[in-house]
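Next come two complexes, and both contain chain A; in the first it sits with chain B, in the second with chain C.
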Partner chain A sequence: MANLFGKAANQLPPKIVVGILIIGALTVAGIAYYFTPKYTRVGYMPKQPIPFDHSLHVTGLGLDCRFCHSFVEKSGFSNIPTTQTCMSCHRMVKADSPKLAALRESWETGEPVRWVRVYQLPDYVYFDHSAHVNRGVSCFSCHGEVNLMRTVYHKTPLSMSWCLDCHRNPEYFLRPQEKVFDLGWQAPTGRQQIEMGKQLIEQGKINPSDNCSACHR
Partner chain B sequence: MAAVKETVGREGSGRAALARPALVLNEREASWVNDAVCSVVEQPAPFWWWLAVIAFGLLAGAVPLVVVYFISTGLGVWGLQSPVFWGIAILNFVFWIEIGHAGTLISAILLFTRQRWRNSVNRAAEAMTIFAVLCAAVFPLFHIGRQWMFWYMVPVPESYAVWQNFRGPLLWDEFAVGTYFTVSCLFWYFGLLPDIASLRDRTTKLWKKRLYHVLCWGWTGSVRVWHHYEAGYLCIAGVVSVLVISVASVVSTDFATTLVPGWHTTIFPPDFITGAIFSGFAMIVTLLVPLRAAYPRLKDMITPKHLDNMAKVLLATGSLVGYSYLIELFMAWYGANPFERYTFLNRITGPDRFTYFAMFGFNVILPQIFWFRRCRSHPWILWTASVLINVGMWFERYSIIVVSLERDFLPSSWRHYLPTWVDWGLFFGSVGLFFFLFLLFLRVLPALSIAEIKTLLGKPERKRHLETATKESAPNPGEQIYGLGAEFSSEEELRQASEETRKKGYVWWDAYAPYPIHGMERAMQLSKSRVSFFVLMGGLLGLVTGIAMVTATSIPRPQFLESFTTGQLQGLFYATVVQGKPYFSLPAFVPVLLELTILFAAFTAFLAVVLLSRLPRPYHPVWNWGELARRATNDGFFLVIEARDPLFSPTESRQFLESLGGRQITMISR
Partner chain C sequence: MRTFLLLVSCLVFAIVSVTGLRGTKTMRSPIEIFPDMVRQAKVKEQAPSYFFSDQRASRYPVPGTVPTTDPVDLPYLNTGTIGDYWGDGIPIPVTGETLKTGRERFEIFCSACHGSTGSGNGIATQYGLVGVPNYHSEHTRQMPDGQIFFVITHGQGLMLGYGANLSPEERWAVVAYIRALQLSQNAALSDVPIAERQRLEGK
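Up next, the complex of A and B:
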């Protein structure tokens, strides 16, 4: 028997090892990046039946979040405004705009506007808006700078670890109650925020649960 | 000492009278071992093999069919009903996982206790272990209901930030079985390396040669490689032997940590271990007796002595199992717990009482026939008893798992358990799968450990008669010389030649042998292999990794990490109180830590051997010498002095090798 492989084959094993390491590292990195909600959910920007511009209404006209999402402080579910809410202005303002055709149709037929839902939690997660906004968790913390968005998109991953980041360390995120709906408010940075957060926790007796049953009831 | 002057001849001495029976019969030679074992793989499959493989293959086909059925319909098609939520599936898991233990015991613990007879049966036993664990793994994998969520059991950082409960027996189970399967495969493959090399040197087809060559990592048979290999083999055996005890114990804690009467006992771990060894040996006998009958040449290597030994193990473990049955009864009475008492009364007199009697009869009373030599040495009596013992062990699991659950604390919820055809399909499918895999193994890899059996041969059989005529082989001009090789006729000669070569002052040289030769380390003055050091380091690395993992995922976030706000580092710390145990509960972490230590140590041992022997070596100049390439894994003993040695000179080295008794002295081209 002569040799089964040529001399050059002796260079092969280290190269194979390096190749496997590179492929392995790329696989892990790829899964870590592409297979989490940070990639799969963030940035979701569906086309809505009416091109509603939040930046125009909030920053431009100065509407409060609660003008349209009127039950957010009282209810677990933050409502999408009804056609009537929109029409309270748009019967007079831009009443003939072609962009609002779907709204007028809804007004006439009584069928609600088919808004496309952006943020959706799984059925096995219980979430209560009122519990959060009444304890100094701003809309901003979950929905981002909606006041500047021309089209609303999914800002945060909504993964469980993301929820827990705040549930375990609320002092990093809490803000004074009067600033909850002020999306343009600049939160203090660094230690200042932490000290303010701790004070708010003290005052409001805020004690977010990180027990399973808090959300998975 | 002067008194002991008169000595008798060797034959008349007490030593000869006490001599152990030969483990390879009929004075077989090394090359015969190669022929006999490899022919099982090389010759066309006999008719019975095709028949058996088709039959068991069809039976194994039930597994995918049933699995697809119950995944698409849901686990409701199993016979599980309150209060029996652990039925046939868990039963089969325990049944198979415990069968695996005997293979590990033979390959690891009997190696330490210097039971040389293990060398002939360890390969088949290890293969049996792997297939049994594979069959076992089917059941927990499928009983979780949503099989695609299996990765929730694996500690990977993910966006849920929830960690596994490392204090829970079911997670210990996953670690124990996972480690057991991985390390068993590794050990088995490690033992196969020299034997795959044997197959490589025998086959004539180039693609097969190349495939085997890659599979055996370019095994040369160099004594320096054997040196590391033996150390590595011992080290892996050392860590594997812990698994024999730990896996069955961990499986038993799945039951013992619950409050179900009949399960909540401290005797479970030792009871499961003895039961495991018992059922495993029964399965080895079930496989080996027909194997001997089908390949009569193997009878010289799997001798009546082997069967006798295994029957004795069956007798001993069977009696131990009987002892624990009786202790269980005693404790139920003595403990004066009415639920416990009722459970055992129910096992003996309840509707499933036949399972108890089948268990007691087959496991305790039947093995008592092995007190008689005739029953131990007669293969088919032994075989029949082994099959019945396996049946008995299956009923033992039934009696423990199902019968205890059927009637627990609350009589209003009692219910008789009836397995459905899906349950039975999965069980018989796993039986088919087991034998199907074993049959495939027979035809693909050497079923007996060739290199290890050669160490059992008698001294005279290890010798070869070589022609003294040396054929003059001048290398082609212009070809570079790698070295000068010589063949020796026995390991004794090779050892002496090695010693002389070293004393002469040669540095760059090596010896090649088909099996590890004792005394070669001294002859070559090899320093102690560093493999064991790496194994220790690997084990410690595994331990530290394990401690870091279980600690970080179980304790509250330490103060000094306060500056991190979001991200996975935060997600690491998710302190939850479970089972009323403290955050850091060392006793409950021990199983996971142990398994990780073993896992890391075994892999380091394998890698250390391969790297220290510079093994993945597709090309080696010594194979340019056809004689060595053909016979270094068969029955040849070679010594090669390399040309780069400062003392090397074509004429003087040749004379030197001749003076040592080397034959067929050949110039090897580079």
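Up next, the complex of A and C:
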């Protein structure tokens, strides 16, 4: 019976402990890295039925966001443009481009184009675009440099901590109201931004809520 | 121990290469890790609803009805016509504020085709958009205000309407701004208040 465990078995218990520690540390690191909206959402870039290019239409043609997303400053949600909005130009511009086939089909049948949604909050969160874009929060703070994107992708995590980071310290993000829709505008950096932000907060009496009931109602 | 470490690193490598790094562009839809109540059976804007046979959650108004928010008791403000004729005159107070709104809306919705001065040379005309008229032509200058309002609401010929995107007040503000643009290209010295004339003449 004395030889059932060899000498090497003496090192087995510490080895098992170290092994479990390594596996445990890796699991924690993996969950911290992957089980967050920074991984699960950011970078989502679905294939759209029409390869619509924001950089061409916004930076190239100088269209304002509100030409298409026309209710973003009037209502809680930002509308995706109707087929008519596109057709006002595309009945004549590139009228028979194969890339626009789905658009023409929608125009003839009256069925909406089935754009794939990129940004989407859980249904238990209440969000309002007009409350933000009329108070000096630019599309840029939440959607990134859409004016340069050839295909829209999910830029920000939309997690609760991300919302609260701004609601608690809005001075890092606010900009003058007339620059909200101008995504090419260079915001000042560092102290200057904070000073401008503080001034805007004072002028507009901006006070984003961090009450649970503001977003979960 | 060595085999164990080798196995673990292989496993880590396999997981990272399958799942990728944060922020990688991907076509896979976002994973919902705890999907409790994340998608509820309620009607949300711009999402299909299987409650209706055509799956449109945003419903058309019932035929023959108008929204209560439309100013139906003020037919001229709402349509630009008086009886069967185009009306003339702007039924909202025209102030500096009105012209500012008009200008802002014009630059958003119209300047891509009509150009910022209304000469019909907006950027889209460089890409094959044809038939954009010049506001400073006699035809548009003679157009009654009510007809311009109607063109904005319902479109005309090659132009589609923008009535869905602009409230009646905003449309009238745009009409006022178009009138201001036309004046700007055709003003005579006699239109300037006497007190300001000297400054203009450089005296």
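Definition applied: the second predicted complex is superposed on the first by the 214 of 217 C-alpha atoms of A that agree within 3 Å, B and C clash if a C-alpha of one lies under 4 Å from a C-alpha of the other, contacts with A are read in each partner's own complex, and residues count from 1 in each chain.
Note that a residue touches a chain if its C-beta (ideal position, glycine included) is under 8 Å from a C-beta of that chain, and two chains touch if they have at least 3 such contacts.
Small disclaimer: the values here were computed from a predicted structure and weren't measured.
Touch criterion met: A:4 reaches chain B, while chain C stays clear of it.
When the two complexes are overlaid, the chain among chain B and chain C that reaches more residues of chain A is C. In the superposed model, A:77 lies in contact with chain C only, and not with chain B.
Within the superposed three-chain model, A:168 lies in touch with chain B and out of touch with chain C [touch as defined at top].
In the superposition on chain A, A:110 makes contact with neither chain B nor chain C. Once chain A of one complex is fitted onto chain A of the other, the partner contacts of A:98 are absent, as it touches neither chain B nor chain C.
Within the superposed three-chain model, A:160 lies in touch with chain B and out of touch with chain C [touch as defined at top].
Of the residues of chain A, those at positions 37-38 touch chain B in one of the two structures and chain C in the other. Chain B meets chain A in the complex at residues 158-162, 201, 206, 209-210, 213, 557, 565-568, 570-571, 574, 576, 616-621, 623-624, 626, 629-630. Taken in their complex, chain A has these residues touching chain B: 1-10, 12-13, 36-38, 157, 159-162, 164-165, 168-169, 172, 210, 212. Chain A meets chain C in the complex at residues 15, 18-19, 22-23, 26, 30, 33-35, 37-47, 61-64, 66-67, 70-71, 76-77, 79-80, 82, 84-85, 87-89, 91-94, 112, 117, 120, 122-124, 153-154.
Residue ranges of chain C in contact with chain A, taken from their complex: 1, 4-5, 8, 12, 15, 19, 22-33, 37-40, 42, 44-47, 56, 107-109, 112-113, 123-124, 127-130, 158-161, 164-165.
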